[in-house]
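Consider the two complexes below, in which chain A is the common component and chain B and chain C are the respective partners.
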Partner chain A sequence: MSGIKASAASLPVFSTGRVYAAIKPILWLTLGLAVIEATVVLFEIRPYYLPRPSAIAANIVATPGAYISGLWRTVLETALGFVAGSVFGVAIAIVFHRWTLLRELFFPLFVVSQTIPVIAFGAVVVLWFGNTLFAKAVISFYISFLPVTVNTLLGFNSVDPRQVQLMRSFGAKDGQILRRIYLPAALPQLFVALKLASSLALVGAIVGEWFGDTTGLGVLLLQAMYNENVVGIWATIVVSACLGMGLYSLVALAERRIVFWGNEQ
Partner chain B sequence: MSSTAKLEPQEPIGAYAAERPLIELRNVSKTFGSVKALSDLEVAIQPGELVTVVGPSGCGKSTLFNILAGLEEPDPGNILRLKGKSSSASDLLGKVSFMPQRDLLLPWRNVIDNAILALEVEGMSRTEARKQAREMLPEFGLAGFEAQYPNQLSGGMRQRVALMRTFLFKRDLMLLDEPFGALDALTRTMMQRWLLDVWQKHKRTVLFITHDVDEAIFLGDRVLVMTARPGKVKLEQVVDLPRPRKADIVTSSEFIALKKTLLEAIEEESMKSFQVSGH
Partner chain C sequence: MMVSMNSETSRQIARGIAGALLLAAIWELSARGLKLPAYVLPSVSSILSGMVSDAGNLFAAAQFTAAEALAGYAVGCLIGMAAAVLITMIPAARAVVLPLATAINSVPVVAYSPLVLLWFGMGMASKIVMVAIAVSFTIFLSTIAGLDRVDRRSVDLIRSFGASRLAVLWRLRLPTALPLIIAGMRVSTVRSVLVAIVTEMLGAYGGLGWVIYQAVLQIDFVKVWAAIIVASAISLAFFGAISFIERRYVFWK
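Right after this comes the complex of A and B.
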């Protein structure tokens, strides 16, 4: 099933078989859960500190409706904030790249804005936009756009000026150079930021829900905490973790599809 | 030959006074800060000519090309005429097909899509541009490779893709900056013969930079030898070897005589450039 792939271009790589690669995550997850289960039972850890994984699973299976509707709501908020943050992040990077003055004026401001803890900011957003899905998406957006801007700028700077000169010699206009050279060249860096932004956007959505909402994973978390429903807290954590990993894998998958040429220049 | 009086006054430029030059440079200088790269350069290229340019490294050959491609404005006081029309360098943007010293292929575009880059910029639809490019693939020895990406190609192939991109951008003047510089000797001679075939078929005016004197003579109608920095034309050597040229022409006595003249001129300049930079 596995063999050593010798290559002059890298250290020997132990490539694993396809089947193993597919079931590997499940295998390790099952093993991990079994170990935790055994530890909890063996050391008689009280559920207050760490409930048994099987109890958590049972909780989710018993009331799937609450988790599914919560998950759905949080997904919507995260996706909205993430997409808006990414688009805005790239747009701002283009503006900053072309107008250095604007960059010098506003970039520090953007950085400072990120030092305001999102918790402090969240209350204001909910006051401004009401207790809506949109308000949570705004918080999500707020904490996800800056890494996108920073990395897109980094990607723009990696463009070979001779490449741009070649385009100019063809008589290319600025817009054509942006679309055909700058944006594709920034993609490898951009995706690094998008993976980070996907996780940040989820944090934004969950924290946003703490400022008042009726559904969502953040709400479930709060409710479970007030009711001292430890199993509920853990169940929500598990669902959130799955969502986070799902979003990340989605972006990583898109990366592998789109940035097939890697970082070579 | 003609006995009728010409209305237009003729400015004789070497042996090529009969035709009107496609492009003409006079008094062209270029200074980068304290570095004077070109000084009072004079060149005239006739339509359909293949002119090769040799000269010591750093003498301003690429700078000359950048000016001709419209990317760099020469110092004020220059005269630059395209088809007899006075223009500034930036007017030449989009008018000259330029192949820089590096292939500069885009890693995210496959062979076909790299080749059609200039056509796309011109506003041609992708389907139409790809169709044109596909027809040219066999001629450039790239048949069957259209879907490959640059990192899957050999150095010679990458260079041919870059050449194809330059050829597809159909302009009267083609500038090739050391197109075969990175190739091994064998591939290089193959490519030279191939370039002559393609050139004869497509009838373009070509300005070709090289470091290789054999290459300069084998390809060129004329060889321009540039001086050490600041660069100007030291010698304009007409190559009156018959075309089509066979590979064995390099051993003919005419070829060797030309080579001797050119090597002497180049050697003299190379020594100078070493003395200058040795300070």
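Right after this comes the complex of A and C.
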């Protein structure tokens, strides 16, 4: 008992500021939700346009199973597509960097394919891979690897050729030069693309589920829409929003840890 | 354009075209050689002939989608820029609005589409609203980033010559911000077509997304591919137009 008391007493001495910084967003969020709740009640806004935040929360709490299994499914699809897309994106960038002929033959196609509304492929991909988790991950993958490739190449191009020459004169091999110079140089640009790719991968997963599935956030959205269940739509939007922000902050956290020298563009 | 091309760029263009032809040839050969059924991969030639025979239908759908994307894009750009300028003029609002906008921007836009469809109906209005939402956040964030890029000392200098807040904005901040704003506009072109198509897939009376959805139901995959190619052509043209304006008018950078 005394140990707990002692540590509790010593806590605020050095961390009041930090505790406040952690609580501040929660305070703002609570305040914002309270304002919305009050506005809806006061002006008698119909739930069809904006349900009370408490009703949305109650909806999630009433049937947590559907939201949790939907969230889990969408997380898996997004994560699989995002990781595969990032790895493939960097690998393709390395290949294009090594072999100029390949880059000049196919890079313009990659850029053009960036303007293709990838979602249109959803139907074809689901047909190719069946109505599986894998098919949705493939859509996420396709939608997320292009920005990664483009930005990694941009990062490679920012390398000072004299550095490479210096390393070479010391007898460094290609692999070493890649690991020690090119990859670190590309990291800041790479993370800009990864943040974009994380939200794109989520869009890919959700839309992929529209082409027919039984679980997932996209399915919950569709079902709520067909039933004109506005509270259900809002509840799913809230869950998707949390997922989107969570993914984004995970990548941003990794960026701060890994690219500690800051993101100079 | 009367820009003299050096051999470097002309070689790159030649190779780019060669790559596209190579891909088309591999596609055609594998579709024909392996006798792939149309639902797996129709050959390029059958897609092209499908496009020709269904040209009227596809053209009408393309017009529909392009109109939605353009209208939403224009509204979204205006709202995004106006909001960004407003926030820059009122520094107090920034601390609240900017984190909020960044957070909302990381929410998948498509999640709103069922709600927007219920509110604005199945017609064009719902697609225009969706495109405007998607575009305005991108433009807002890139305009803010651009307006912030201005050198503090330049602001102090022209303020010391008696320039008003508005003059600082018009003569200094906007020209400095323009390259980033138009870069955001370039990215948004593709996004606007994509969002219009996705929303059409959920419910519409016409448009490419609707054509794709119907063709999937009818298991007509030549038509799906034809619509995909038309959709790509639209976003490519849109993207090209904004890039052209960018090269032409934002010469400082």
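Definition applied: the second predicted complex is superposed on the first by the 246 of 265 C-alpha atoms of A that agree within 3 Å, B and C clash if a C-alpha of one lies under 4 Å from a C-alpha of the other, contacts with A are read in each partner's own complex, and residues count from 1 in each chain.
To be clear about the criterion, a residue touches a chain if its C-beta (ideal position, glycine included) is under 8 Å from a C-beta of that chain, and two chains touch if they have at least 3 such contacts.
A quick note: this is a predicted structure, and the numbers were derived from the prediction, not measured.
After overlaying the two complexes on the shared chain, residue contacts for A:106 are found with chain C alone; chain B is out of touch. In the superposed model, A:76 lies in contact with neither chain B nor chain C. Shared-chain residue A:244: touches chain C; no touch with chain B. Looking at the shared chain after the overlay, A:91 reaches neither chain B nor chain C.
By the document's definition of touching, of the two partners only chain B reaches A:162; chain C does not. In the superposition on chain A, the chain among chain B and chain C reaching more residues of chain A is C. In the superposed model, A:55 lies in contact with neither chain B nor chain C.
Judged by the touch definition given at the top, the superposed model places A:225 against chain C, while chain B stays out of reach.
Of the two partner chains placed by the overlay, only chain B lies in contact with A:184; chain C stays clear of it. Those residues of chain B that touch chain A in the shared complex are 66, 69-71, 93-98, 100, 102, 104, 106-108, 117-118, 120-122, 149, 151, 169. Put simply, chain A touches chain B in their complex at residues 160, 162-163, 165-172, 176, 180-181, 184, 187, 260-261, 264-265.
Those residues of chain A that touch chain C in the complex are listed here as 25, 28, 48-49, 101, 104-109, 112, 114-121, 123-124, 127-128, 199, 202-203, 206-207, 210-211, 217, 221-222, 224-225, 228, 230, 233-234, 236-237, 240-241, 244-245, 247-248.
Only residues 11-12, 15-16, 18-20, 22-23, 39-40, 96, 99, 103-115, 117-119, 189-190, 193-194, 197-198, 201-202, 208-209, 212-213, 216, 221, 224-225, 227-228, 231-232, 235-236, 239 of chain C touch chain A when the two sit together in their complex.
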